[in-house]
Amino acid sequence: MTLAIALFAAAALLALAALAVLIGRAPAASRVVYGASMIVTAISLIAVAMHLLGAAAPMTLTLPLGVPWLGAHFRLDALSAFFLVVVDLGALGASLFALGYGEHETAPQRVLPFYPAFLAGMTLVVIADDAFTFLLSWEFMSLTSWALVMSHHRLAENVRAGYVYLIMASFGTLALLLAFGLLAGPTGLYTFAAMRAAHPTALIGALALLLALIGAGSKAGIVPLHVWLPLAHPAAPSHVSALMSGVMTKVAVYGFVRIAFELVGAPDWWWSIVILAAGGATAVMGVLYALMQHDLKRLLAYHTVENIGIIFIGLGLALAFKTYGLPFAAALALTASLFHVLNHSLFKSLLFFGCGAVLVATGERDMEHLGGLIHRMPQTAFVFLVGCAAISALPPLNGFASEWLTFQAILLSPELPSWGLKLLVPSVGAMLALSAALAAACFVKAYGVTFLGRPRTAAAEAAKETDRFGLAAMFLLAALCLVAGILPGLFIDALAPVDLALIGARMPAQIGQPWLSIVPIAASRSSYDGLLVFVFMVISGSLAAFAIHRLASDRLRRAPAWDCGYPDPLPATQYTAMSFAQPIRRVFGTSVFRARERVVVPAPGETRPAQLWVDLHDVIWESVYAPLAAAVGIAADRLNYLQFLTIRQFLSLVFGALVILLVVLAVWS
Amino acid sequence: MSRIDFDMAHLLAGLLVLISFLELYQDRLYALLNVYALHALTLAASVAWQAMVQDAPHLYVTAAIALVFKAIVIPVALHRIIVRLGIHREIEKVVGVGSAMLAGMGLVALSMVVMLRVTSGADPLAREDLAFALSVVLLGLLMMVTRRNAVGQVVGFMSLENGLVLAATGAKGMPLVVEISVAFSILIAFIVIGIFLFRIRERFDTVDVQVLDHFRGERR
Amino acid sequence: MVLIRDFSIQGAQMLLVLLLAPLFTGFVRKVKARLLRRQGPPLIQPYLDLVRLTRKEVVLADSASWLFRVIPYVVFAATWVAASLIPTFRTDLLFSWSADLIAITALLGSGRFFLALAGMDVGTSFGGIGSSREVMIASLAEPATIMIVFTLALIAGSTQLSTMAAFMASPAVGLRVSLGLALIALVMVAIAENGRIPVDNPATHLELTMVHEAMVLEYSGRHLALMELAASLKLLLYVSLIACLFAPWGIESAAAAVPTLALGAAAYVGKLAVGGFLLAVFETSIAKMRVFRVPEFLGVALMLGLLATLLRFVSESF
Amino acid sequence: MTFDALTGVLLIPAVAAALLAALPGYRLTARLNVAATALTLVCALSLFVRRPQPGAYLIVDDLNATFIMLTTFVGFSTSVFSLSYIGHELETGRLTLPFVRFYHAMYQVLMFAMNLALVANNIGLMWVAIELATLTTVLMVGIYRTHEALEAAWKYFILGSVGIALALFGTILVYMAARPVVGEGLDAMVWTVLVRRAGEFDPALLDLAFVFLLLGYGTKVGLAPLHAWLPDAHAEGPTPISAVLSGLLLNVALYALLRFKMLLAANAGALAPGPLMVTLGLISLVFAAFMLYRRRDIKRLFAYSSIEHMGIITFAFGMGGPLANFAGLLHMTMHSLAKSAIFFAVGHVAQVKGTQRIADMGGLTETHPTLAWGLVLGVLAIAGLPPLGIFMSEFLVVSSTFARAPALAIVLVFGLLVGLAGLFLRLNSIAFGEPRGPSAKAQASYIPMFAHLTLVLAAGIYMPPALVAWFQNVAGLLG
């Protein structure tokens, strides 16, 4: 039933896309499309959430589509249900936000048809149950999002972004295709059911796992396959950026979980090392990249990379625990990372919506041209602050809850017998902590430069608060962030069926715990109660406020800033994003980005200003992708000479081919 | 079939290969044309002989075509063209005569080796004939790729095609031989006329193929 | 009945830290002054400052936003909650399980997050300096803290402070390399986090060197008072953290009777005195370092923490 | 003899050719052209219902019925497209009436030749038919009489003739191989007889024959390094012919190859034809993929993509096995439809922009949305992106190959990726970015293009069981 609803939702969205093609230019189109997709996703969300909470049995369905003798298999089990919830939640929020935001779209006919199709694609991926349907939906998802990235195609950078994106997406799909080819075997057993039943050899499983890591990782944004992400996500309209960053990357995670935990059988332990290392590197590199950005959307995109790293750390741990038969630890790690999946989708969507609001209000994405927005857009500023706090893993919000669980999982790793993991896991833990701290730093920068301080441009000066739909969407997500932060137990229990399905064990039930606190293993070992912490803070804060205002003064006078006696009216004297990042750039950037600062101080008496240049190098791009592109270019140039031969030379090609074949024939026997 | 038939066919086929070498050797257009005429003549003889020994009268038609069309009409026509277009008379080669000859030897050897793999289940006549025919074909191709002038290449193509006809006629009782030889004659006529047409339309000031395709698809 | 008693204990704890914090700050100042052959302010000077500040009116910069006014309360609340969860004279406080050591670290982190935002809010260059340096320091100090927490948690088999303290008090601990490393690292972190010499100097307004003071530069009146109080709470918190982890003697368990509790409280005060004295001595005997030496300083702490953790992972006996 | 569908398939084009050659004017003849192709299509359809007994010269079996179906259909839709295309050419004066008459006649001759090649049960006849098809296309390629067109035609002609010659030699060798077994005369060239007795043939001769046939017909298929004629012929001829070349003639040549592959497959002693085809296929794929990057002429671009896809198809058939063969057939069908659709779009694009230089067109989705999105859709299709049909065939090819020969699959995937990148590098500058070039309204016939694309889309999502059974049966035949 639920599965049918989900399928109907997908079908309805596709129909909506077809409709949007026809009415794309009509003025009311955006309201219709976004409203309809909101309703559809809401319905699907309710149904699927009930399915997940009710821990209902997996349901399957086969349609006579796709590969003829195979049919299109669909399956809704706990894992699919959970990710479908993530998808629908994100889609719901995005559609709600877009009800207002879509009005400002300059080329709606390029967005409206693809938006519902994109949603449908993501929905189908998570319920697909055979390799073909999965890949079809997967690539369809990429394709529609590519079209959305290209929606503002007049900007050369967007076209480039779309180009890189499409290539990386196809690369990932081909990698997955190879993985499935391995698992399906020469006879082509493409259904997941058959793959589950078949137990591939360790080597096959390992290869498939690696290919899945590459394929799903390139879509999720694992370093060094992340290059498309910071290009493509900013290029799309903001509500689509939110979906791509907050939801699509999670669908990629789904793909990886599905393959790694279900289909590849039992791979060797050291593959979890690969995943852990990749996750750790991704987390740290992502946040370091983010710190160097001053384009708000790009910064957020890089933070998606970071969070994907955190998620993959959890998955790697889970896999390690699983292969060593530590089911409860595995359940903890898996829960942590899946919970982070949900959390990240919540606050990342929220933050991208905030970006969209700022973009609409000021037409600016560059933080250096913003500032002081908290005065003009107080509500947006408030929810954006909530998002920042959540993504910076500050209690009592949800980001911290999932990271805390991940730490707890790491603390269980001494039980692992293998030395490699013993040595790796603590370092990964350090990376995790480092990335969390740097993320906080980065969002102090993002929020401080964008919303605080004084406006740096007239556009920022004239900003207006965003529309009610946008605010509704953002407040909804912010509220969810808080709820997930102070009542994590509910979500952990909701994830129990997934653990049972994938690992065969689950975390202890959290609902029964006193004061609604969460206890991963045992009360004596560790526990955390977001609710209580929240209440404490509220009480003590208001207590202090009350006491002071009552007993002491509550007088207040406005005056120019003090600033050690040198207040400067020019907004230019504020700290910019680049200058804010300077200390961290000095500490990390010099090695990671070969960051160099060149200062030109004019001689005394000269009137020209002193100048400071900062050179940053995207090392990964320069060391991996640029050479590749160059190589292809060279090969193309070399081969291109073959277009310009004379007839005689072409004939000699034929002649040569003939002679070679004859020689082959002669020496065959 | 009797010994003499076999030897005769064999001799003519071998002769054809030899003449192919002669063509490869020429460096004046007129001489090349004459040698080609000889080539066609030999072919005609060989075909006629096959017609006799296989008592397949329709092969006489092929022989006649070879004689009239290839040995007389085409060379004369090409002769005319050379005069009309005032093509410089010597043949520009890509590789020297010596190396061309060596390559030719290699090709003949290759065709022999390839054919020797054929079990003698197929009757020896066919086998030997095929070996020669293959050599002729390969030599013709070699000539096409080592000559720069269009005329030279056409001659190469024609001797290649002679090899085909040799093979076809050698294949005892093969149907459609006549049709095929006719079709090929038409093809050759097309080529010759093509060269001629280009001149008449004054598209190319010479039929030197290189000039003909100095514009190769896309300008760089 | 028991619940009420526990409540009262928890409340006592909260009040205790709140009251002790300024005194401790004053004590450290006094000792430093003495070491410098100065008379120094009286011990209760911090209280007087706080009272004076709260009575004064707030002078708010024109460009300050609502956030700027909320932040002092947030920072204070976060720090206070964190401080009140650290066992001082009695383990398993009523709410100790509501946040383990990781959560406490994160609580302090959120305090710092908002503090840094406050620095950015008015839009002055000094605030920016302070915030950017603060987050730079934090970005190294926090991982170091987490590593230390890992080490201790692996030794004690728990991240739960009460349990840890209890375990540390028990003879099962013994002398361990990793413990030593963790202690050194924790002290370094504590110095950095509280902006003491050599990392920062709470007593100056030298724009080139200041970090914490730069962030609160625009604050005045009651807001400043809260900030100061939060700062001293934080200092007290770290000292009592070190105390309860590395010198857990005298911390009584739940069942203890009131007199023993009093004894525990006394022991706690004694520890504070020792800690404050050591801090003062350390500060007077060392010079402030350049800002960009700080990362190296904290890098060492991080490395020590990681090393300690690795040792734990490699073998139980370390 | 009684008139049956088979003779219809051959007779209608022949008669139509004669008529069109005789009739003057444009309107009438163009419509007559359409009518004739439509009739042929009907006859071809009826072949599914009633199928004549194979004779000594003609045959219809599952294999070539598929091809005939495809050929007549694309032939029909292309004639519809050329209706508007040639009209525009007349207006702009690129073509004059006599040439149009010639063009229509040749079009029908080409149809005749291709159908003949497909239904021929006699390898000699098949050879003749393919030669005829080549010659007609040569004439059509040169029809614009521009320097470039003539040069392209000449190149095509020379290379094609050599190919023909090689193919003939191969055919003769097959006869030689068959003669001792089957006996002299016609039987030794009759396809059905050959395939029945192939087991007893002399393997060495068969090997040799296949080498020549592979090169000979491979030239027509456009496999690298025998491809040289293909890009220029596509680029310089009238676009309908480019569509027919890419969509049909290449298939017909491939069909011939397949026939002989079956012959070799039937003989135990002969070397497996698979490896040769696989090698040539991969070479073509990778080579063409790299050639896409430096293309400046839009039609040449897609000509090279045809080479690439022919490479994939040849590879698939070379791999053999039910999955790969099925994929190969599917890929061939989808490619014919998609590529001809693309050429329909490209033809109109080139007409409205007045050029074929990619540099002079841009932002097409802004100026001509319908046309441009059609083109984009087509490119997505041939790039193997879902939910279009080629995705399925590529899925089957790659996945089935990887389990059998990982190394080959890696090369294949590499080629696919490089090709996709090259294709979109060009598409971006055609369809997106700031509009360039004239933006006059296009009087285009969108029906054929979107009809093809719809079919491709449908096949990617749902294939009717009948068709599937059909394909599977054929795949089984191919072994």
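As written, the chains take the letters A, B, C and D, and residue 1 is the first residue of each chain.
Going forward, a contact is a pair of C-beta atoms (placed from the backbone, for glycine too) under 8 Å apart; a residue touches a chain by one contact, two chains touch by 3 or more.
What you see is a predicted model; the values in this text were computed from it and never measured.
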Any chain in contact with chain C as well as chain D: A
Count the C-beta pairs in contact for A-B and for A-D, then report the pair with the higher count. A-D
What chain sits nearest the middle when you go by CA atom centres? A
State, to the nearest whole Å, the distance from the C-alpha centre of chain A to the C-alpha centre of chain B. 69
Could you tell me the distance, in whole angstrom, between the mean C-alpha positions of chain B and chain C? 99
Between chain A and chain D, tell me the centre distance in angstrom, where each centre is the average of that chain's C-alpha atoms. 44
Per the C-alpha means, the centres of chain A and chain C lie apart by a whole-Å value of 35
Touching at least two other chains at once: which residues of chain D meet that condition? 154-155, 158, 162, 207-208, 231
Each of the following residues of chain B touches two or more other chains, namely 114, 117, 141, 144, 153, 212-213, 217-218
Mind pulling the chain A residues that touch 2 or more other chains? 643, 645, 647, 651, 654, 658, 662, 665, 668
Overall pattern in which the protein chains touch one another (line/ring/star/complete/other): other
I'd like to see which chains touch which, written out pair by pair. A-B, A-C, A-D, B-D
Contacting residues of chain D [partner chain A, same complex]: 154-155, 158-159, 162-163, 166, 207-208, 211-212, 214-215, 219, 225-226, 228-229, 231, 271, 276, 287, 290-291, 293-294, 321, 323, 363, 365-366, 380, 383, 385-387, 391-392, 395-396, 398-404, 409, 413, 416-418, 420-422, 424-425, 428, 432-434, 460-463, 465, 468, 472
Per the contact definition, I'd like the list of chain A residues that touch chain C in the complex. 371-372, 374-375, 378, 381, 385, 389, 392-395, 400, 404, 407-408, 410-411, 413-414, 422-423, 425-427, 429-430, 433-434, 436-438, 440-441, 443-445, 447-449, 452-454, 515, 517, 523-529, 532-533, 536-538, 540-542, 544-545, 548, 551-564, 567-568, 571, 573-575, 579-584, 586-587
Chain D partner contacts - residues on chain B that touch it in the complex: 114-115, 117-119, 121-123, 126, 130, 133-134, 137, 141, 144, 153, 157, 160-161, 163-164, 167-168, 171-176, 179-180, 183-184, 187, 190-191, 194, 198, 201, 203, 212-213, 215, 217-218
Where on chain A is chain D touching in the complex? 64-69, 110, 131-132, 135-137, 139-140, 143, 150, 153-154, 156, 159, 162-163, 166-167, 170-171, 174, 177-178, 180-182, 184-186, 188, 190, 632-633, 635-637, 639-640, 642-643, 645, 647, 650-651, 653-654, 656-658, 661-662, 665, 668
Using the touch definition from the top, list the residues of chain B that touch chain A in their complex. 94, 107, 110-111, 113-114, 117, 138, 141-142, 144-145, 147-148, 153, 209-210, 212-213, 216-218, 220
